[in-house]
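Written out below as structure tokens is the structure these notes cover.
Letters A, B, C and D mark the chains as written, and numbering starts fresh at 1 in each.
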Amino acid sequence: MSVVVRTITRVVLPVALAFGGYVIMHGHLTPGGGFQGGAVTASIVALLVVVLGGERLKGAKGWLSVLEDVGAIAFVALAFLGIGATFFRNILAGSGGLFGAPVPTGPNPGNLNTAGTLPLMNWAVGLKVIAGLGSVVILLSLFGREDG
Amino acid sequence: MRIGSGEGFWGPIVWAILALGIAALGFAVWLQGRRTYKRGTEQEEPFLSGEKLPPGAPGIGGTHLYWGFTEALKPFLSRLAAFHTGFVGDYVGWLIVILVVAIMVVILT
Amino acid sequence: MGNLPFVASMMLVAIGFLALITRRNLIKLAIGITVIEMGVNLFLVSLGYVRGGIAPVYTYAPPGFKQMVLPTPQALTLTAIVIGLATTALLLAFIVVIYRHRGTLDAGKIRELRG
Amino acid sequence: MVHAPILAIAVPLLGAFAAPLLAKLDKRARDAWVLAAGLAVAVFGIAVAVKVLGTGTPWVYTLGAPSPGAAVTQGGFPIRIVLVVDALGAFMGIVAILAGAVGLLYGLHYLREEEGKTLGLSLLLLLWAGILGLVYTGDLFNFFVFLEITSIAACALIGYRVWESRPPEAAFKTMTMYTLGGLLVLVAVGLLYGEHGALNIAYLSKLITGSAVERLALGLLLGGLLMKAGAVPAHMWAPDAYGEAPAMATVVLVANTQASIYAIMRVVFTLFGGALARPGIGWLIASLGTVTVIVAVLMALIQRHLGRLIAYGAVSQIGYMLLAVGVAAVARGGFGEVALRGGIFHMINDAASVGLLFLVAGAIRRAVGSVDLMGLGGLGRSLRWESGFFLLGALALAGIPPLNGFASKFLIYESAFRASPILSAIAVLASILLLAVVVRAFHGTFLGPEPKEAPPSPKGMLVAMGVLALLILVLGLFPGFFLGRLVGPAAKALLAGRAAYLAAVLGG
């Protein structure tokens, strides 16, 4: 790839990573969430495929599929957390512990430490989407290579 | 054990016993034929309408059963087969047809 | 003017169906499906629009706001987008595999299964 | 067991996601895990059925509420996603569990490790979860999501054999149709939401008055679901999909199609059962069903490919169910209930007989490598068990009297005759033609000269087939028991039980 693409990728990469992380982490406060943030982050993988070529990312496939499974299992496990009451019950909300702070009322910048299991679920979904979309992009690029 | 429909009823046990009886009868007939069967004689040769088949002649495969029936209905069946074009656009077209018909029926009745 | 988004979404759906019926390139068929999806998503989002409503984020709401845009249709749209993404990825993967086997993308020639 | 409905959906999901991780550690651990998940789902599904049929009232499970039975409503307005399992849902759950368990057992021995066994098992569990969610959910949007889960998992399974040239084509066509059908359902859901601001089926059902928008929504739902069920003329994806999918998936695909029929029933009788209970809808479904029966049988008669032949047979069975649903929607009570009993009973019969035929076709494919009727023959010598199972399934499919297919078709014929003698006559004629079709298939595959040496199938596959064969015999010899205990309550819950369904969700 040309120097221009390489340089732009180097500049964009940390920004995209930070923005994707922000969207995932603020999923319970602002529009966005695991899927959107994951999609933003997965665009990095697409950039890397453009710069490096699918062949050099082949090795990441196995890791990505493991991460995808871990994300999915984490999501279902978080839903199972509430099984004492009901499936998907948000037991952490309002408990005072992790993500259990009371939600402030009125206009405010938002408290990250609220909403119970929702942020955790957003992270799980974000992980799954990053890994899933990443492996889709890599696989589709590999398809093209083998046709030659 | 019966099930009724308001019009008639259906008792499967009686039928099953009847079917088993008929099967036993058939088995008895088959055993009769079995007794006169001898391996390695003319009995093993295939015949078609009393004619001895020449070696290498095509047998009658499963697809040729009901040959007469499919032959009689051929114009209709071939049109029916041609109707299943296998082209995705046609699949979508028929989906639209079924959709429009459903909407018309729901709105008009 | 309030019905403009609905008209636009219906037009998108019509364009998509037209593409599906008339085009023969598999990639264009996949694009047609995506266009229909976008039309449906636009329909869902405009369904929840409230004139003069603000974004449904409580912490950002200015004091004395009148009403919010309905959040449920937005959640529905988001789910539909995610599902649409999965569908499109799967369709494209199948197209790649079909191309590898047949060496063509013409839907008129990919008719091994018929009759 | 208070969580049984959601666990029946969540456990296969967990199983599907965990199986690939376990496979990285140990293949046997994965197999054991998949079997354990299947067993757990069966236990939960049967627990649901036992409780729902025992108490006679729908089981409402509220997700995310302080307690499962907590009131759904806040000022009369349902705010949470609910699962509502009435007698029909419980019955469909049993059918889905049967098909899924048999498919899983078969798949464990049918799939080869080097061809992506882990992926196949995962997708099968995912499809299973989707079907169970589809039949248990009481929320319209949730319904759409599960519909799409089944679509994606089903199409990935149809295209499972990517190294062959036909399956990807079938998967592409099916995916196109499923996506469009799902989008039609989504538009209908959007229309209903725009009209009433709710997504809960029971709550919507109470509010529906029969306005033009609601009618449009009903038309869209019917169009999408009829396509997904495989009604002629939008059935053409079905033979492609059934013919090319691996055998263990086809059994579950049949259950998936039946879930679409269930959805049609739910839409026609529960969601729109109040203000829009018009006979015109019934006549539409019944006539489409009759056309489906006759066209599919005639197409089956001229097939060369054993998978496609059985697939057209399966489509014709869908026609019988649609005919029954249509007749029930025309009459709603009286002989309509008889038709509904026939249609619902036919679902489990169809899952057993068509499923068995597909499993045998898969075993033949695995043993010989081809299912082209022109090249097959004489397999009855080496595949003894399979030939017996095929004969049993084929006769049950054609509705030969002592077997189960006849018991349900009998109810459908009799009630359809009361609605319109022509429909009944065509259905009977198609049944006779179907006998011709299956006799031809049996003759072409198992009888005749040229015995081809075929290796025997693994024991597990034979066990899976044996389960379905046993089911066919039991259902055929004791239909009264099943009709009284399972099918009768399901039909009653759909027609007369609408008020109980609404009351169970909305309270009062």
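Here, contacts are C-beta pairs under 8 Å (C-beta built on N, C-alpha and C of every residue); 3 or more make two chains touch, one makes a residue touch a chain.
None of the values given here were measured: they were computed from a predicted structure.
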Of C-D and B-C, the pair joined by more C-beta contact pairs is C-D
Expressed in whole Å, how far the mean CA point of chain C lies from that of chain D is 28
So, in whole Å, the Cα centroid of chain B is separated from that of chain C by 45
Whole-angstrom distance, CA centroid of chain A to CA centroid of chain D, is 35
Per the C-alpha centroid definition, the whole-Å distance linking chain A and chain C comes out as 22
Residues of chain A that touch at least two other chains are none
The positions of chain C in contact with two or more other chains are 20, 29, 97, 112-113, 115
Residue numbers in chain B touching two or more further chains are 81, 84, 86, 88, 92
A full list of chain pairs that touch reads A-C, A-D, B-C, B-D, C-D
Within the complex, chain A is touched by chain D residues 3, 6-7, 10, 13-14, 17-18, 20-21, 24, 61-68, 70
The chain D residues in contact with chain C across the complex are 141, 145, 148, 151-152, 155-156, 159, 162, 164-166, 168-173, 175-176, 179-180, 182-183, 186-187, 189-190, 193-194, 197, 199, 239-240, 243-244, 299, 302-303, 308
Within the complex, chain B is touched by chain C residues 17, 20-24, 29, 107-108, 111-115
Listed in rising order, the residues of chain C that touch chain A in the complex are 55, 57, 59-63, 74, 78, 81-82, 85, 89, 92-93, 96-97, 99-100
In the complex, chain B touches chain C at residues 81-82, 84-89, 92-93, 96
